[in-house]
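You will see two complexes here that share chain A, one where it goes with chain B and one where it goes with chain C.
The block that comes next holds the complex of A and B.
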C-alpha cells in the first residue's frame, strides 16, 4: 500500500536545487585549478586575474540583465546587437556634447528603448519572440553599420583613463548587479518570471500577466545592455562594426555555464551571468595559455555550450517545438 | 466560380512583384531620374539575387514551417561552399562539380546537425548557435583561414551564366514543389506543422523527418552559397558566429512567400516573394541607399509585415465575437419574451 517509488539517488542529487547552485562555482574552480596547473600558475597571477575580470565584465553585465528574459523561458538573440548599437550612439553623443552624464543617460535610455521595442512587438502586437529577436538582431547590426560606415568611434583617451582609474566599471557593474539580485530574488518580478518560465499556462491562470512581466524583463535587460555598452566603451576606448561580434553568444554561453537552464524556470539565478562570464573567459584564456589554437577554442566553446544545455534539461520524449 | 477564384489567386500572386516594381520605378524616376531596370546587367543581377534569396528561403522553409529556426544554416552554407569549391579546384574540375560537391557537403552538414538535434533535443535556435560555432571552424581550418577564391580559376564560367542560374533556381523550385506536394516528406511536413504530438502518435517518425529537413536545408543553402560566390568570386571563412547574417536576411522572403503561397503554392509563393524583395532592394540601391540602410529599410518593412500577419485575423475574430454576443442577446430577449 505504502510502497515508496524507487528514486535513483544520483539522479536525485543531479536534479536538486543545491547541486544546480554549487555546480557552476565548482566548475569554475575546477577550470581555474586545471588551467592553473597546466599553465604553471600563470593563469592565476594577479595580472592575469585582472585581465580575466576586465574581459568578463561586459558579458557579465549584459548576461545579468539577460537572465531576466531567460528566466521566463524566452531566448533573446538581440542582446549583443543592442549593446553594440547603444555603445556606438552613446559614444557619438559624448563626442557631440562632451558630457559624460549625457553619454550615460543616452546609453541607458537607448538600451531600454531598443529592448522595450522588441518586447512590445511580441507582447502588444503578437509577433513571435523568435522572429522579433532575429529581425532586431539583423536590423540593429545594419543600423550600426549605417551609422559608422567602415569607421570607428573613439572616446578621448583622457576620459577612458580617468574612468578606468576611478573604478567606473566596477562601480557601475556592482550597482547594477546588486539591484538585479534584489529584483530577481527578493521581489515579485523575479518570482513571477521564474513561475512563467516553469509553467507559462499555470502562471497566467494564477493571475500573473506574462505580457507585463516579459516587458519588465526586457526593460531590465535593456538597462543591462546600456551599462554593458558603457563598460565596452570604457574598456576598449572605441567602438566599430567588428567590436564584440560574439557578445550575444558569449552571454548565452555565460548563462548556461553559470548554471541557468536555457528553459528558464525555478532553477534560474541572476548570478549565473557573472559566474558564467568568468568561466567563459577562464576557459578561453586557459586554453590559449595552454597553447590551443584560437580557432579550435571556438569549436570547444560550441561543444561545451551544447553539452551543458543538454545536461541542464530533462531530455524530452519528443522533439522541442514550436517556439524556436 | 472556380475559374474566377483561380484568376483572383493569380492576380494576387502577380500583384506583389508588379506593384513593387511600379512603386520602385516611380520612386526611382522621381528621386533619381533613373529606371529600376535599364541594362542587361540589371536583369542579370536581379536574376542572380532572386535565385540566392529564393534558394535560401526554400532552405529555411524546411525547418521554419515546423517552428524550427536553424541558426547554423549560414555556417553550413559557408562550410559546404568553401570545402566543395576547394575540392573542385584541387581536382581541376568545372563549376558544375563545385555545385555538386557543395550540395553533397551541405547535405552532410545538414544530416549531422539534424542528428545532433534529435540526439540532444535542445531548442533548435539554441542548437543552431552551438552548431554554428562548430561548423564555422571547419572551413577556416581546411582553407587555412583563406576561404574560397575563384578569381581567375578556369572552368567556373558556367556558374555566372544567367541561363544556368535560372535553370538551377527553376529546378530547385520544381523539386521543392514535388517534395512538398507528392512525397512522404511533404505529407509529414503538413502533419508536423499541424501538431507534432498528433503526427507522432499517428505513426510518423518525427525524428527521421527532422533529420531529412535539416539535410535538405543544408544542401539547398549551399546552392545559394555557390550562386553567391559565382559573382563575388570569393567567400571568406568567418568566425565568431557571424556567418548567419546572409541567411536571416532572407527570412523575409520565406515568411512573405508562405503568405503569398496561401493562394497558390508555397514554392510559387517563395519564388514570387524572392523576386519581389529583390526588386525592392534593387530599387533602393538605384536610389543610392547604402547596403546597411537598404537592410534597415528591409527589416522595418519586414517588421511591419510580421505585425500585419500576427494581427490580420484579429478584426475577423472580433467581428465574429460581436456577432455571437449579439446573437446571444437576441436569443435571450426572444426567450424572455416567450
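The block that comes next holds the complex of A and C.
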C-alpha cells in the first residue's frame, strides 16, 4: 500500500524550476552558436551584437515592465498602445519645448498615468484586466490617430544621433532593468505578485491585497512603457500611427519565449522579456544573414515560436485553472 | 520528451531551410558587358530591399529583381518582410549591414522613414536609394543618399485628369465619389504625394468641364481630414471626397453615399477592387451604371476588372491608371550600380538628390489593357531588359538620361511599340 509512485526522471527534469530557468537562456545560446557557425562568425561580431541588442531594446524594456502584470496571472493587451501614445505625446512635448528633460518626464509620467488608469478601471469595475486593456488599447490607438491624423511626429536627427552615441538607450534600459530585478526577485512586490499568479484565492486569504499589488504592477509597467516610448523615439526618430504595430504581441511573445509562464505564478522571471526579445532578434538576424528568404523566415519563426510555446507552457498539476 | 522532440525537429527544419537559403550562390557574371563593353560587373554587391508591398505586383517586381537584374549586375538581394515604419526600416537596414549589404533600396515612403533611413545608411556606409514619389530635402545632400525614383505624382494627377476629362466631355452632368487614400498632407510629405495629385487631377477635371467654383482652393479641399461633399456651386454636379488608408472602412462608409444614387463615377487611388462588390450591389438596386476608375497595377486583379461585366453589362473597371513597380526597381538598381562604379554624382543634381518620376499610364478599356498585360511576362518583355540595364549602367549616363528615358516611356502607344506589342 505504501509503494512509492514511479516518477519519470526526464519529466521531473522538464518540470523542475531549474530547467524552466535555464532552458530559454540555453536556447538563446544555442541559436547564437548555430547561427554563429553558419554565418562564419559574422553574427557574433561586436557590430552585429550591438545591432542585436539595439533591435531588442524597446521590446525588452516594455516586456520587462509587463512581466509584473503577467506574473500576477493577468494579461495586458494595452502595453503597445500605451507606449506608442506616450511616445507621440513625449515627442510633441519635445518639439514644443526643445527640452530633453521635459520629454523624459512627460514620457514616464504619462506611461504611469495611462497604465494606472487601466488598473483602476479593472479593480473599480471588477472587470478582468484583459478585457479592460482591450478597451484601453482601442482608446489609446484612436487617441493617437486623432492627435496625428495621417502625419508623423519626428525628433531632430541630431538629437537622435546624440542620444544614440551617448549610450542613452543602454543607460535607460540598464537602470530600469536593475530596479525591476530588485523589485521582482528581492522584495515583497515580486513575491506577492507571483503568489497572486500562483493562487489568487490563497494569496488573498493570507492578507495580500490583489488590487494593491495589481496597481503596483501596472505602475511599474507604466514606467516601462514610458522608457520604452523614449527608446522607440530614439531608435526610429519618429512616431506615426503605423509605428511598431505589433509591439504588444512582440512583448507577449518575448515574455513567453523567455520562459515566463503564460499563467504567471512562481515560474515567472523578470529577465524573460530580455531573453525572449533577444531570441527573436537573433533568430531573425541569423536567418537573414544565412541567406534565407524573408517569406521562409516568417514561416520558420512561426513554427519555432509555436513549438517553443507548446514545449514550455504547461500549467503545473495541482494549480487551479485561471478564472475567465 | 515530446516537447524535446518538437524542439529538435524545429531546429532540424530551420537548419534545412538555412541550407536551402544558401543554395543560391551568386553567379559569376564577370563576362556580362554592355554593347560598348564598358560596364564592369565582376564585383558582387549585396543589396537590401525594404518593402511596404505584398501581393502579385510585388512578386512580379521581386522576380524581375532576382532573375533579370541580379544576374545582369552581379547583385544579390536581401528582401524584407512587409514593413510599415521607420523603426522597422532602421532595424532591417542594420540587419542588412550585418549581413554584408553595401547598397539599399528603400520602399518605406514616409518622409521621416526616408530621412532616418538616409542618415542610417550614411552612418553604416551603404548606398541608399528610395522608391517613392516625393523629394526629401533634409537628406538631399547626404553623401550616401543617391536619390528617389517612383510614380511621378504630377503625372499620376495628369493621367487622372485625362481619364476624367474623357468621361466628362459628353455634355452631361456627372458626379463622383473619390476614395483619395493617403492624399491628406501629400503635398507636404506627410501623406502620399501620388494620392494627393490624383485627387487634385480629378477636381481640376471637374472644374474645367463644368466651370465649378469651389469654396476653397483645390489643395485645401484635398487636405481636409474629414470625408464629405465638396461645395461645387453646381447643384447637378456632386463630388464626395473620402480620405482614408483602410479600404474596408471606406467601403462601409461609402455604401450609403453610393445608395443615394447621386453619383455615376467612382474613383479609387488604390485598392479599387475592394469596392467593386459594393458598387455592383448598388448598381443592381438602383438599376444604374457606375463607372469605375482606379489606380492599378499590371496584374490579374486588373485583368479581371476589365474582363468582368457588372450588373448593367458594362465592365467592372472602366479605366485604370497603371503603375509599374518593376520599372521603378530597375531605375533604383541603375542608380545603385552607377554609385558602386564611382558615378554617384551623375545621379545627383549639383550634389543634391533628385526625384526621377515613373509616369503612369492611363488605360481606357480592355483592348489596350490586353496588350499592356503582356509586359513583365518574360525577360524580353520587361520594360527594361538586361541589355537596357547594361546600357544605362555605363559611365557618362546621368539622372537626366534616366528621366528622359521615363519621359519617352510615358505614352502607352510608345511603350507598346517599343516592346512590339502594338
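Observations, loosely collected:
One rule holds in what follows: the second predicted complex is superposed on the first by the 298 of 324 C-alpha atoms of A that agree within 3 Å, B and C clash if a C-alpha of one lies under 4 Å from a C-alpha of the other, contacts with A are read in each partner's own complex, and residues count from 1 in each chain.
The rule is short, and it goes like this: a residue touches a chain if its C-beta (ideal position, glycine included) is under 8 Å from a C-beta of that chain, and two chains touch if they have at least 3 such contacts.
The structure displayed is predicted, hence computed values, not measured ones.
In the superposed pair of complexes, A:245 makes contact with chain B and with chain C alike. Contacts of A:135 after superposition on the shared chain: chain B is touched, whereas chain C is not. Shared-chain residue A:10: touches chain C; no touch with chain B. Of the two partner chains, neither chain B nor chain C is touched by A:120.
When the shared chain is aligned, no partner comes close enough to touch A:208: not chain B, not chain C.
Of the two partner chains placed by superposition, chain B and chain C are both touched by A:303. Of the two partner chains, neither chain B nor chain C is touched by A:92.
Shared contact residues of chain A with chain B and chain C: 149, 245, 295-296, 298-299, 303, 310. Chain contact summary for the complex, chain B toward chain A: residues 66-69, 71, 116-118, 120-127, 129-134, 136-137, 140-141, 145, 196-197, 200, 206-207, 210, 239-242, 245, 248-249, 251, 255, 290-293, 295-296, 299-300, 302-303, 306-307, 310-311, 314. For chain A in complex with chain C, the touching residues are 10-11, 14, 27, 30, 34, 38, 42-43, 45, 47-48, 51, 54-55, 58, 149-152, 154, 157, 160-161, 232, 235-238, 240, 242-245, 284-285, 287-300, 303-304, 307-308, 310-312.
Chain A contributes residues 75, 77, 121, 125-128, 130-132, 134-135, 137-139, 141-146, 149, 245-246, 248-249, 252, 262-263, 295-296, 298-299, 301-303, 305-306, 309-310, 313, 315-316, 318-324 to its touches with chain B in the complex.
Those residues of chain C whose C-beta lies close enough to touch chain A in the complex are 1, 3-4, 6-7, 9-11, 13-15, 17-18, 20-22, 24, 78-81, 84-87, 90-91, 94-100, 110-113, 115-116, 119, 138, 182, 184-185, 190-191, 225, 243, 245.
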